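Next, two complexes with subunit A in common: one pairs it with subunit B, the other with subunit C.
The block that comes next holds the complex of A and B.
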């Protein structure tokens, strides 16, 4: 199923010609409208971009970083006058000033198209009743999905996050067929549904459109099993306008970019060099359609790879693999790079333990230690002491083979680890705290 | 003839045990016997109490992982070889013991051993035929 079949299956040659034309337009637009870009493009010798001949010339354009957004807070990167701006979104700003995004009418329209493509690819039709359990507010996720789903003609319930009982009540009473949430909140809700004890046949749920944080295949499988739904994943961020930058197709073998609106690249995050197709590195994205806040070569800090191989689903747009994690989330433990998603892939699907976990980093005698706290969910093992020890040993061994590190696995009482309604914060880094 | 034993997960953290004992105290539950299996990371507390079901409910409500198991509590003669006779009877019947622990019952003035075996019914029969008396649930409630 397609939302905009002609564009989504456009032959690559045509698509790349379209991208090239839009890239040149975008560079000229930035050069003319945004002093910040004017200066950067001038310094780099790119100027208004009129000498750009091919897509790979994008490499001569300087990067834009989160720092640039912060330094130009709130409206320094605006390209359109405020009278043309119809909406402002912002990131949560946990790491300083929030990142602001502004949208013209056309921006909202394009954004909704991108989200609608992802949602239709994930199985949504105009018959669906979709509950959006993202927190509403400045966050791009909720309203982004909201507008995209309405564009398809689906029925939208702006539930927002929180109040689990009410979420479940609406599932049942409103005949909800689809859930929009972060993977961690979806997992939490799916556990609550299991515990509430109503048979799944009391629900009409059939699909989930999850996003805004990485979802491992193992976690997805668990959510799917708990709720009896099909889950698709999508990708985006405030700096690039929100969700819908890329999303799963029915093959679920990489997320297709909306390449007519975004130009993706992969770079070596240390050197800034572009990597060849398939190379794993940091995703860099240039927006090709945004009016309110165009962005040139934004360094996403997400680690992934891109393929241009034809996809059996018929879409011609490039696919990115599941993000291995953000360079932000990456922990360096005893000099080894570790992503929370690696740990999650080991834990989710393990029997007898809950899917929630916490990663605790400490420094003991100048050496890093890694502790992983998981909940013992099933009391049955208390009578089978050997199996309990075996479980702990096998978690330890698998973590060691996946991470290449010793990790201490600690079992804790059920429901004692923190649950998250938005993005999960699972890392507790005590390495710079005074030792207790 | 079995009695119910609680197996309680004890986190290895400061106050982990007190959390459990407090719940039992608040519910006015009396502990008759206990044993703990521990590693450096956690412990499993085995408890014989006067009201096992109420205890399980209270602990679960308190967010503690707990399970109930049927075990045999056999009364032993207080003399050398007393335990050996009971164990031998089971060994001869090819019943293996997973774990056991002893306690004295002040009310009855007797020594008991709690046995966790694979097949409770068969073990109970074997012990009875060998002349051993076993504790029943009502024995735990005596005041």
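The block that comes next holds the complex of A and C.
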């Protein structure tokens, strides 16, 4: 099923001609409307982009970074006058000022199309009743999915996050067929549904559209098993307008970009060089349709690869693999690159343990140590000591083989690790703390 | 300024002809699509409404009550198939199951028009930057205002409620010109703005669109003074689809109904009889355009009066006066009818006290007692005892003259009364508790 079949299955040659035309337009628009880009494009000798001849010429355009957003807070990257802006979103930065995104009416419309494509590819129809359990507000996730799903004609329940009992009551009472949530909240809800004890036949759930944080295949499998649903994943971020930049098709073998609206590249994050097709590196994206806040070559910090191979689903748009992690999240431990997702993929599906874990890094006698605190699912378990010792040993061994690192595994009592309803904060880096 | 001038200023004769035609349509639609109404209309002898000749014939239609919503939870009052429903809202009842509202695409469209009318009448233009500080989610307030304001082309910031520091930061950083909030949260924010100490010239605020709970003229005046803004009020409820049922015009002498979409009446809440024009009683509303969940003669429990007098603003649609309170909220104390709004109107604007108060009812030796707990604005104040004694006496005396009742006034330390970000719960009725 397609939301905009003609565009989603457009022959690549046509698609690339469209991208080239829109890239030239976008560069000229940025050059003319945004002093920040005007200066950077001038300095780089790209000017208004009129000399761009082919898509690969995008490499001559300077990168835009998170820091550029910070320095131009709040509206320094706006290309349209405030009169034409109908929406402002913002994501709370870990420190200080939020990252801001502004939208014209057309931006909202294009964004809703992108989200609708992802949702339809994930199986949503106008007969579905979808509960959106993302936190509503400044965050792009909830309103992004909301507008996309209403555009399809699905029934949207703006549940927002929190109040798990009420979430489950609505599942049952309203005949909810689909869930929108972060993978970690979906996992949490799915455990709660299991614990609540109603048979799955009391629910009409059949699909989940997850996003806003990475979802490992193992997490996905566990959510699918707990709720008896089919889960698809999608990708986006505030700097690029929110969710819907790319999303799973029924093959679930890479997420198709909305390539008519976004031009993706993969670079070596150390050198900034473009990698050849299939190479794993940092995703860089240029928006091709945004009016309020066009973005040239945004460095997403997400590590992935892109394929242009034809997909059996019929979509012609390029696919990105699941993000292996963010250059930000990547830990360097004793010189080894470690992503939290690698650790998660080991833990999910193991017996006795709940979905909550924490990664603790310490520096002891100038050597990094890695501890994984894993919460048990059941309070009585710590008493069954011998079995647990084996569990601990097995996790340790598997982690060692996956990471190539020694990690201490600590089992802790249920409900003792901090809970997160949005993006979970898993890493506790104490290496620069004084030693206890 | 008008959003839909032709409709808002339609000659009454035409408007009433339109209402009559839509009333007949609505009755037939309910009769044919909703078994609950089919039975009630049949029993009342109204049938499919084909014998309705004039608007006052609405009196032969049976009332719909809050209890009917409860008994038909969740979808017993739906008139459209779920396939056509694009949104579900719900308001958390104080006990048990929520009150549910469902919307077709056209319902959302009409609702957005109604909200846009209220907002434009309150001074909003497409150049405004409006921060919505209602809690987003199932509650109709936030998404209702959101869609209406985007329809006007204003810039919407979906701030949601909470995090006062961030709310104020956005006011300043984003050049916010308008605030949407409950009166009590607006008052709270306005006090916080005063305390934060930035000069009002650091803000671009010029208007407030308040709603979802009654706003007394005294509260309004204090919010206006604190923020240097113009405040307008509007009225609605989940059962009728949310905000936008009626709203202030620039005269602020009664809120104009969207009479092409709603047919209002005033009844004696004890007898159910219709009152003549200007009489004060319970507001009853019939929806004239809703597809998802049409409602016949809904008893709102709100006490008000309606005038059909021409308004200097040019709008021809009937106006309701500020609600004096809800038949629900009305307390009967020693046989006297008392509304919390009466008490509020005495407190607001008095020196030394903050916006938070609580009404405590007790029964002592079979006699009702009324205590008003009022929070002081400043912790050191309780030390200035003599002045405070006078303050207390003056509040007591003014309350006595307004209510005709003795009330004990207790001053309590700042931040010791419970805070509410949505609708404030002011009444603590302990009369059926065992005596301490």
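Please note the rule applied: the second predicted complex is superposed on the first by the 424 of 436 C-alpha atoms of A that agree within 3 Å, B and C clash if a C-alpha of one lies under 4 Å from a C-alpha of the other, contacts with A are read in each partner's own complex, and residues count from 1 in each chain.
Please note the rule applied: a residue touches a chain if its C-beta (ideal position, glycine included) is under 8 Å from a C-beta of that chain, and two chains touch if they have at least 3 such contacts.
In this text, all values refer to a predicted model and were calculated from it rather than measured experimentally.
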(request) Decide which partner touches more residues of subunit A, taking subunit B and subunit C as the two options. (result) C
(request) Applying the touch criterion given at the start, work out whether A:389 contacts subunit B, subunit C, both or neither, answering first, second, both or neither. (result) first
(request) Once the structures are superposed on A, label A:83 by its partner contacts, choosing first (subunit B), second (subunit C), both or neither. (result) second
(request) Look at A:217 in the shared chain and tell me whether it touches subunit B only, subunit C only, both, or neither; answer first, second, both or neither. (result) neither
(message) In the overlaid three-chain picture, which partner chain does A:413 touch, first (subunit B) or second (subunit C), both, or neither?
(response) first
(message) After the superposition on A, what does A:174 contact: first (subunit B), second (subunit C), both or neither?
(response) second
(request) Pick one for A:160: touches subunit B only (first), subunit C only (second), both, or neither. (result) second
(message) On the A-aligned overlay, A:47 touches which partner chain: subunit B = first, subunit C = second, or both, or neither?
(response) neither
(request) Under the touch definition given earlier, write down the residues of subunit A that touch subunit B in their complex. (result) 376-380, 382-383, 385, 388-389, 392, 408-416
(message) Please output the residues of subunit B touching subunit A within their complex, sorted ascending.
(response) 7-9, 11-12, 37, 39, 41-42, 44, 63-67, 69, 99, 116
(message) Which stretch or stretches of subunit C touch subunit A in the complex?
(response) 73-75, 82-83, 85-90, 92, 97, 100, 102, 105, 108, 126-127, 129, 136-138, 142-143, 150, 153-160, 166, 170, 173-175
